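Labels run A, B, C and D following the written order; every chain starts at residue 1.
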Amino acid sequence: MAELTLVEAVNDALHCELERDANVMVLGEDVGRAGGVFRATAGLRDRFGSDRCVDTPLAEAGILGSAIGLCMAGWRPVVEMQYDAFSYPSLNQLITHVGRYRWRSGGKMEFPLTIRMPYGGGVRAPELHDDSPETYYVHTPGIKVAIPSTPADAKGLLAAAIRDPDPVVILEPKLVYRTARGEVPEGEHVVPLGQARLAREGSDVTLIAYGAMVKVCEDAADALDVSCEIVDIRSLRPLDEASILASVAKTGRVVIVHEAPRTVGFGAEIAALIAEKAIFDLHGPVLRVTGFDVPYPYWTIEDAYMPSVERVTAAVQKLL
Amino acid sequence: MALALPENELLELYRRMVLLRTYDERSVVYHRQGRIGTYAIYWNHEAIQAGATFALTDEDWIFPSYRESAIGLVRGMPVETILQWWRGHPSGWWSPADWNVASISVPIASHVPHAAGLAWGKKLRGEGAVAMAFFGDGATSEGEFHEGVNLAAVMNAPAVFVCNNNQWAISTPLEAQTRAESLADKAVGYGIPGVRVDGLDVLAVYEAARDAVARARAGDGPTLIEAVHYRAAPHATADDPKAYIDMQRVEEERARECLGRFESVLKDAGVLSDEQIESTRTECEELMRAGIAAAEAEPPADPELVFTHAYVDPPENMRNG
Amino acid sequence: MAELTLVEAVNDALHCELERDANVMVLGEDVGRAGGVFRATAGLRDRFGSDRCVDTPLAEAGILGSAIGLCMAGWRPVVEMQYDAFSYPSLNQLITHVGRYRWRSGGKMEFPLTIRMPYGGGVRAPELHDDSPETYYVHTPGIKVAIPSTPADAKGLLAAAIRDPDPVVILEPKLVYRTARGEVPEGEHVVPLGQARLAREGSDVTLIAYGAMVKVCEDAADALDVSCEIVDIRSLRPLDEASILASVAKTGRVVIVHEAPRTVGFGAEIAALIAEKAIFDLHGPVLRVTGFDVPYPYWTIEDAYMPSVERVTAAVQKLL
Amino acid sequence: MALALPENELLELYRRMVLLRTYDERSVVYHRQGRIGTYAIYWNHEAIQAGATFALTDEDWIFPSYRESAIGLVRGMPVETILQWWRGHPSGWWSPADWNVASISVPIASHVPHAAGLAWGKKLRGEGAVAMAFFGDGATSEGEFHEGVNLAAVMNAPAVFVCNNNQWAISTPLEAQTRAESLADKAVGYGIPGVRVDGLDVLAVYEAARDAVARARAGDGPTLIEAVHYRAAPHATADDPKAYIDMQRVEEERARECLGRFESVLKDAGVLSDEQIESTRTECEELMRAGIAAAEAEPPADPELVFTHAYVDPPENMRNG
């Protein structure tokens, strides 16, 4: 066990997986010489060479599209998108090819690629360095999506993604890249996709979140004198429905928290799941505390956009 | 004049052109008969498809667009497989790995980066394979064409980019697509060779491809080939070009079609006889008859296939709906 | 009143709006010389000239990006994307600019552009001519989204979109482009955004749908001997929450139907709305009948993917 | 040698360069003092920004990337407006229509199609305005650069595309970005003129821009200008180039910086005196002092602005969250 920050854990996972499997390679903008703008890929180029940690041209569709060809050539590419909002030029490749190519091959070919990127707000950055794009990814068939909130999960989920035979998108909460510190198993460490994490046990209310919002829920729980259970979803697809439904059955009260805009944000899917499968367990409405349906704001007022401890506690109080 | 290939290869090249031509002409008929769905006609594109791929070995990869849907035929892919694709039957979805022929790419130019990546990836592994991508004149306006070719050039990937310049993108003429003198000019911006050939001269296309493949294998990187001709058929069975094309011009172009032209070259060279022409055509028509029969004999697809193959390891809730 | 098909009504709206406002122009692939692959723009080039109905190069990001510049120059561009899945290359422009530019200008500039495209499955077409991309659009802040199901609404909603000061995406259900026929008011006809249409009154169950699925719900209602109320949402953003909640209050039973994949499909948002604001009105779970989280299938088996009368009636029976 | 401009214009051009330089140098200090946020340094890019825009009239539009964040200064935009952008304060979001300066574009190359559209739209209206877009060497790898320039060329739009080739995209060197001899070569593929100039020679940049603008106004369509220099500062305040750049080379480049070079040209021509240099610099420093003071004096933004401006006519549920 070593104490690492979340971004250090990402770097650790990449070192382990490139070491373990000679077919794994990393590509993206500034991942090589600079080791990534957040240093997530630091050291890889020196250790594994410029063929396995590649600085690409500035072309996200070209990067993701070439990763599909790399898969056909037997590689397991790990693509870094430099920031959330800069992954959008690659959406056409993601939707029309990454999510569909294995199906097209009649199941005979695998496209075990991983796309990872820092995401989310609160970092006092210029425009378009703050997006939470998970809806665009998780709505796309053929794709799996995971979002860690702790260093250990950042390492374990990324390792699972790289080893997974299907394409996986990993969104890393950049807000806590360096503030989330924790024990991380040394060497190989895999956290299977599809398992939520019970971040905290409780009996009165269930708070459901992922990424940087888990910490917000924990702080809200500390501020409240009600017993909050906190479910860290970790894996949006595959989704651990059982853990969510078990917690709802226990508490009957639910608040879902995410940064992304509310309309068809992932909170809507969770609420719909509960409205379908747990309706008779509920003591009250299913509440969402989310980003708003507006462009992510200028950073001096971004705190008014980001779900806050205050907004979460207010939602919980509504339910009691 | 001396032809670029020995006699037996010339005849094989001819056979492939006839096979492609027969597939296309029969498909238009099958569509009219309601036996296949909408179909993208490639009539008179055969010289480009047969000529360029003739420069490849079976280890090399082909990345077709819908316009080259039947190009697997040059690798011996069964006729029925391709017919089933156009019939919307799952058995039409071959595995690229079985034939080194990528899936038919429907989004324009989106397969160009795939070819770049495959070529780059093979090179990284020290495997000699070359990637050859086909796309149209309209495709050169797409960002993914640009990003893919540029990336291949930077990676010095063994790729050959074949632009089928039939001078139309559905109803959009070339002059509304680019202001460049030629599409081969675009190679300059990528620092790679750009070659312009007569797309109706199968041997000219072959020679350009042969040289491009040689450069790729020698480690000299990608080439952009522009094969110029003219779309002498509708864009697809659903399309009525009368609204936008001068049909007079189309008639002239049809008269210059590439297969007859190659036939006379071969006959003048004493390589091909009327009997051989006859037998090759009947052989290909036979293949088509057998192919459509096989396709139609196949049982309807199992609706369960809606769910299979989406994932190796599917999420539990995949079937919820 | 004239009896028109849905696609004829679209064409009618374009003629009226280009006639009415000299700043309105149409651009896209094959919209001019050919009049569009579905003939939606037929006649515009002859009538209004090649400057106001423009065949662009084959470049969706370039088309939508240039439309932003056209707005800055005082135009009201109506962009056609040739098919649903071929709009994806323009998503980066949509998300990073179309939805944000007015906000960036401090509210001083308007970007009154319209993006319209045929969408949806069931048309026996090759791959990627069948997608239902509404989630990608409606999740994007700054964008409005409307989907007609009748010829009259196809005309009226498109006219409203063109006149709207904000960017609007209109998804036209191509499955019923020529089969949906109906009376369409001649000349100017506007259906305001943000108003659902009560397609059928009923008392036992509420069926909520849009686009081609409204007809499926009507057929299901005919097949059932329960009284079904059918709400045709028409406008996904702005959303007519009141009409939805009123119907739920009346019936207490809800089935939501759409073609798009289920996970964070628009049905999730409707279900979440109900789970938040109408939980105590419900007599049972909120059910969704949707496309599956898989690539849209080969057309010989697409009927097994598309929501069907059978699947809708089965869902209704579950609630009784 | 005879200079390209009359004396008063040379001095105005000089003033603009000094103003841009001063803004940049002060901003780096303000960042260190925690008075502005992350900042994209453009030190030694002033010759390109001042020189190219000097060929424009106020009716013409400028489309900056983050690298040209302060370019509004040449139009008289208040210093504090731009400072506020970097301070994350809403008053930093000017209205493009007020200055004919588009918003700072953060997604690389995504503003190139905007410039194409604006130029095309103005031409359609018979208004003479030219659009000038700025972007980097890395931007030329993006699909949206390709689609935007191609569309402008096809529409014969009065646009000028200025590529600031500082030979680095953050840590990615030019040779990892393109295999082309020069970025101006890319113009060939669009059928438009491509011009390569010394990006540190403000008059050379001006002359290239002047000719390009003249072509645009004459109805001869777009031009691609490649202004070659070298990034002699970090990519941004957050960046540490030591990891990837040879700092020795950077030192040499800093010694060749563009402002001092223009000063000696003007002094040799007897146009500029040490007193004028002194007074221009103090004047600009004054502007900066006043600007940062004004920015810091502004009350914090009203959080209500999270909701204003997203829509002209907002959906009711916009505030739900």
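We adopt the following convention: a residue touches a chain if its C-beta (ideal position, glycine included) is under 8 Å from a C-beta of that chain, and two chains touch if they have at least 3 such contacts.
Worth saying up front: this structure is predicted, and the values here are computed from it rather than measured.
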Applying the touch definition from the top, give me the chains sitting in contact with each of chain B and chain C.
A, D
Option in C-D, A-B or A-D whose residue-number contact pairs overlap B-C by over half
A-D
Looking at Cα centroids only, farthest away from chain D lies chain B
Go ahead and note the Å separation of the Cα centroids belonging to chain A and chain C.
30
Determine the centre-to-centre distance between chain A and chain B, using the mean Cα coordinates as centres, and give it in whole Å.
40
Chain B and chain D, separation of their C-alpha mean positions in angstrom:
44
Could you state the distance in Å from the CA-based centre of chain A to that of chain D?
35
Do you know which chain C residues sit against two or more other chains?
56-57, 59, 61-62, 85, 88-89, 92, 96, 103-104, 127-128, 141-142, 237, 263, 288, 292-295
Sites on chain D at which at least two other chains make contact:
90, 93, 106-107, 141-144, 146-147, 150-151, 154, 176-178, 310, 315, 317
Taking touching chains as linked, do they make an open path (line), a single closed cycle (ring), a hub with spokes (star), an all-linked set (complete), or other?
complete
Which residues of chain D touch chain B in the complex?
141-147, 150-151, 153-154, 156, 176-181, 185-192, 221
Which residues, counting only chain B, touch chain A once they are in their complex?
61, 90, 93-98, 102-103, 106-107, 110-122, 124-125, 127, 129, 131, 143-144, 146-148, 150-151, 154, 308-313, 315-317
For chain C, which residues are in contact with chain A within the complex?
61, 85, 88-89, 91-92, 95-96, 99-100, 103-104, 127-128, 135-136, 138-142, 237, 260-261, 263-269, 271-272, 274-277, 279, 282, 284-288, 292-296
Can you list the residues on chain D that touch chain A in the complex?
37-38, 66, 85-90, 92-93, 104, 106-108, 138-139, 141-144, 169-172, 176-178, 238-239, 243-244, 300-303, 305-307, 310, 315, 317-321
Seen from chain C, its contact residues with chain D in the complex are 25, 51, 56-57, 59, 61-75, 89, 92-93, 96-97, 101-110, 141-142, 144, 164-166, 194, 237-239, 241
